[in-house]
């Protein structure tokens, strides 16, 4: 039995790897080891760890390494504490392969810990192009990884250009699309009436037009978050549509955006708006299928949006150069631009599906590759 | 005044950046900030920090982050503690650019800390190809860096292929060659008679043939170091030449090699051998110019060796694929191969100089680039 | 100039040492160094650091070392990270004396860092008896401290019994009482009408009876916090009085209490209640002077309460055995007990002042002692 | 089965608790959990971890947390990293009781980690009086501990005076004396002829007079170690006796003493001297029974010395006020004093045994107490 260790550091991480975890767990030649870490073990980010367990996965290690502060320095320090804790975890678990997901600070910590400990690394969602420090982390992780599971053809090509072996690159699609496919495949796509008892703010009537807002800090624009979210909220308000607003993730600068949202609410501007810390993935996907428009800089607009056909107004540099479908309008941070784009989308309505990021079988492909791959050469060498 | 911060984590680091430090310090538009860290602040690695100060540089921060143990896990943890300490240091020093050197664990920590804190990163000695985890670290650091100072044309090309902007790559040569040029330019190239009062072992007669041994652990071959150094010592003994042997650096596995050397000495096999923890660079260069042959896996054989013309027997995978001159014979770990190669070199004698790794002006070029470069774009994007 | 370094780790810490900081800053023979750390540098605990600066103090170091999680293990780890960061800070600041306040995890970290670095330690608020791990931390800190500034006669006696030199113990009273004395000495004791625009919940009419609730986790009763706060809120609701409720501090278990309060609000039970993350000390003191009754387990009821004459219902073991005045009724965690005690106090009304914890000159006395004390013997020896 | 976790941080630690470990392991109602940490897991301090395993104990966790440097700041930081690692270890092992030994930095880390995690703490060797920071650590640990196992009557009384419950204090004697009793009870007390093949230096003829030197850094006299050991070595040389010299432990300042010894050897002064990094306890005890005199500041002179009757010249403040027998002469750091005391002892010869530190049954008593003790009250309260 090959021991495959997945490190999950956030809710987004979990959604991005869940279908692969299911497939690994079911595979008779693989054993799944699950490490929950960073914001995934914290109540105030929605206790993802409980969700993982309620989905039937055993958690082998819970690691706390998120240092409070959400400043540039605390992100670096959290990565450092993560290295300390993850190396101990790997020493105990002795996995044959570590899967590291995407491009976050815990992805970097996971990768470095595994690399130092001579454990082969499989990386999902490599090769894409975006903004923020994620861009550097993602490509750096590629340079440490032994097996690559990019989510799109474009990404796979980029990984090869980075000097990785063609035979180590498996273009499986995005495992998040697997979840979306599952959810949209269900019979009943209604969202519970009780949804708005959670979170805070006014109740939203889902049979009437509403926009979905999900805006995260841009680490290279540290300090600008409060103004950025404010422009977005002004634009949304002007449209007259109802709005569902999500709080930002834990990256450096999240405090700025949170403060912006708090002030917005405290100044009594939040009429017809409802605020959630986070949403179950199935609810989120259904809302994406129903919304007039998704506004912000979440990668879900680009990726899941393409598969679902959600109209998306993508703000600023965070998703720069990520391959995107016809459903996305890119805009700057100003109220005017954002407003115009929402109104344009509002006239167009839903788009037809594109499978840029996979066809819903990524998880199964990942498990199969890990089970059948031969001896992995630990020493990496660039191909040129 | 632009504040340029150099982080020095080891003796080798210092030799690799010293000429650039001199040039930065002298430059009227630049201010040099020096952080000494990891093994550079430790007595038992030769107190490099004292050497730096005696060379006339002010040390702005001394950071301890080397965790004892030299196992794979402690290397990961040391990187973690380094991130914690370096991010605090950068917060206080507020440099405009951080220079990170080469491909060691402290290089990675320096790079990540600077990247999270939105400080532009200049990287020296990127783009080369070697063995061990250094190979991955080096290319990963390239993906975080804003200015590249490769040491050879070959390396510069590789950095561009990695998706870096051509205009951010300055092929300046290796700053270590600057030092070598300085040293070999001195009138008197004799080595002091008092040299052998330091270190332990028999006194070497430098007017008679001797070999120089410098063999470091290979992190991906953890556990094999004791046998590896033993084969080398057997081969050296068989040649009948005298030998000067250096202890290994602080990488994972160093304990194995040290144990091998200790046992060799305890078993009374060390006749005509002398052992040093480390040597001043000027002494080392002169010995390289005088030795029959440099044996081991030190990068100095490949780089400085090319410029000096030292015959080199390069053992194992550590320097794999680093561009090399005609002065290098590559061999495996066995006594026989090593012995044969030493004897072959012994017949050939010294080689003529090649400038693969620069012409002795790297430091000045680095300072000039840093002084004249315009606004650096923090957000990196891959070029393809 | 003697350099006196104060480490402030929380809002409560700051209130407990502010008057001493003022006196040190003014003293011509002393220089004040201020380190803000742990929850004091965090937005979500009210950015105490901004308050410190707006009070005219220069902050010399801001240290992040609070690990997210608020579990027993993260408290230990936060202490660990604190040791790493504080020892670097002391290395840079080189204080002649470090002042450590009270009995929190950052107090322990401050004390150990200073002790290892051979810096004399002055400890305020030692010698008291309470519940939770604070009890052990406080006495342990006494065993590392060179100068003791207890807040009461009773505490001073206890420090001497612990084997400390009588001449090193200065019974100066509690510096928090200095602040209370200042505030109550002002002409206008009204609270601004705008107070309730901060925080969340219903507006309170301060001319009508209200109770003040401040209940913190008890670290040795980890996991019980949600039920404990629930009983308190039920009791308060039953009295029919309005209520001002404060969120808990950052100790292990705070999440439980926070969750209890959130659920209370989400279930629509929070009528006539208003909730604050924290309150400026001057507002808090005025509310203590106006409230029908302070309910919970905050030390402020015992200490400031004695001086102000506030009726206090003290719940559970957290303030166990802290010396108290006639203004305090001690009860268990049940709704019934708490309700009865509030109603009893409500009939009695305000108490007259007692000066168990000082007369309002503690800060000045502390500064004077630090300025005039001779050479401090670093090596401590128990007196028996 | 009650799970009893022992944390061993050094060779001395191990000797101090080994007999209790044996007794716990054998006890049918107890399960022994062993954590090896700090210098105990390091090759260069003699790989105590291998010794523990070869003695038949299973190691449940190996924790690296010794930061290189041996400066005051690195001692603090090592304690911090220890807290991070030990709290994770305790989270996994879930012991019912943690045993913490003596007064070293890892003792403090063990104690704090256990205290935060609400695990009852048993402390051995508390209540004694010595010099250095150990003095404060020891009493601080007492204030966190729930069960006390002092080594002498005097120490037990002191613990009670510190405000601890009389019924929680068990005066069992010192477990190191158990080992000494075992060793001296063996038939053959000869030391192997092969001893001097280990270590470095001249071979000692054990049938001729020799002194034993064991001198450690005094943390409050940081920087003075080189001169201190030099005076001692001068005095020893002057006596004309042969000498066996031990390298210092890992406390802050060890580098100074090591440098002193190295220089002594490098200057060719080490005739008739042999140097060991450390010695197996059975060899050390036999040497203590044979030596003319033990010179230095090791606690073994005071404790084991009393039981064995070894003449001891105790230098400086490190053992200040530790209860001692007639076998000890206390002196300052000067060559003259040390020389005179050695010569005086040399005339007197061996002393008769005193059982100040126990009668050889401490380990068994500790196991029995842990097995039979009822529910331990986690919340501590001072008794006065």
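In this document, chain identifiers A, B, C and D correspond to the written order of the chains, with residue numbering beginning at 1 in each.
Note that a contact is a pair of C-beta atoms (placed from the backbone, for glycine too) under 8 Å apart; a residue touches a chain by one contact, two chains touch by 3 or more.
What you see is a predicted model; the values in this text were computed from it and never measured.
Ranking B-C and B-D by contacting C-beta pairs places B-D first.
Ranked by distance of CA centroids from chain D, the top chain is A.
Rounded to a whole number, the gap between the C-alpha centres of chain B and chain D is 40 angstrom.
Each chain gets a centre from the mean of its Cα atoms; for chain B and chain C, those two points are 52 Å apart. Chain D has residues 73, 77, 81, 84, 88 in contact with two or more other chains. If the chains shown are joined wherever they touch, the resulting network links each chain directly to all the rest. Within the complex formed with chain D, the residues of chain A that make contact are 63, 81, 84-85, 88, 92. Residues of chain B touching chain D in their complex: 39, 41-44, 64-69, 71, 73-74, 77, 81, 197, 255, 259, 266. Considering their complex, residues 72-73, 75-77, 79-84, 86-88, 90-91, 105, 108-109, 112-113, 115-118, 129, 131-133, 135-136, 139-141, 143-144, 158, 161-163, 219-220, 222, 252, 317, 320-321, 378-382, 384 of chain C touch chain D.
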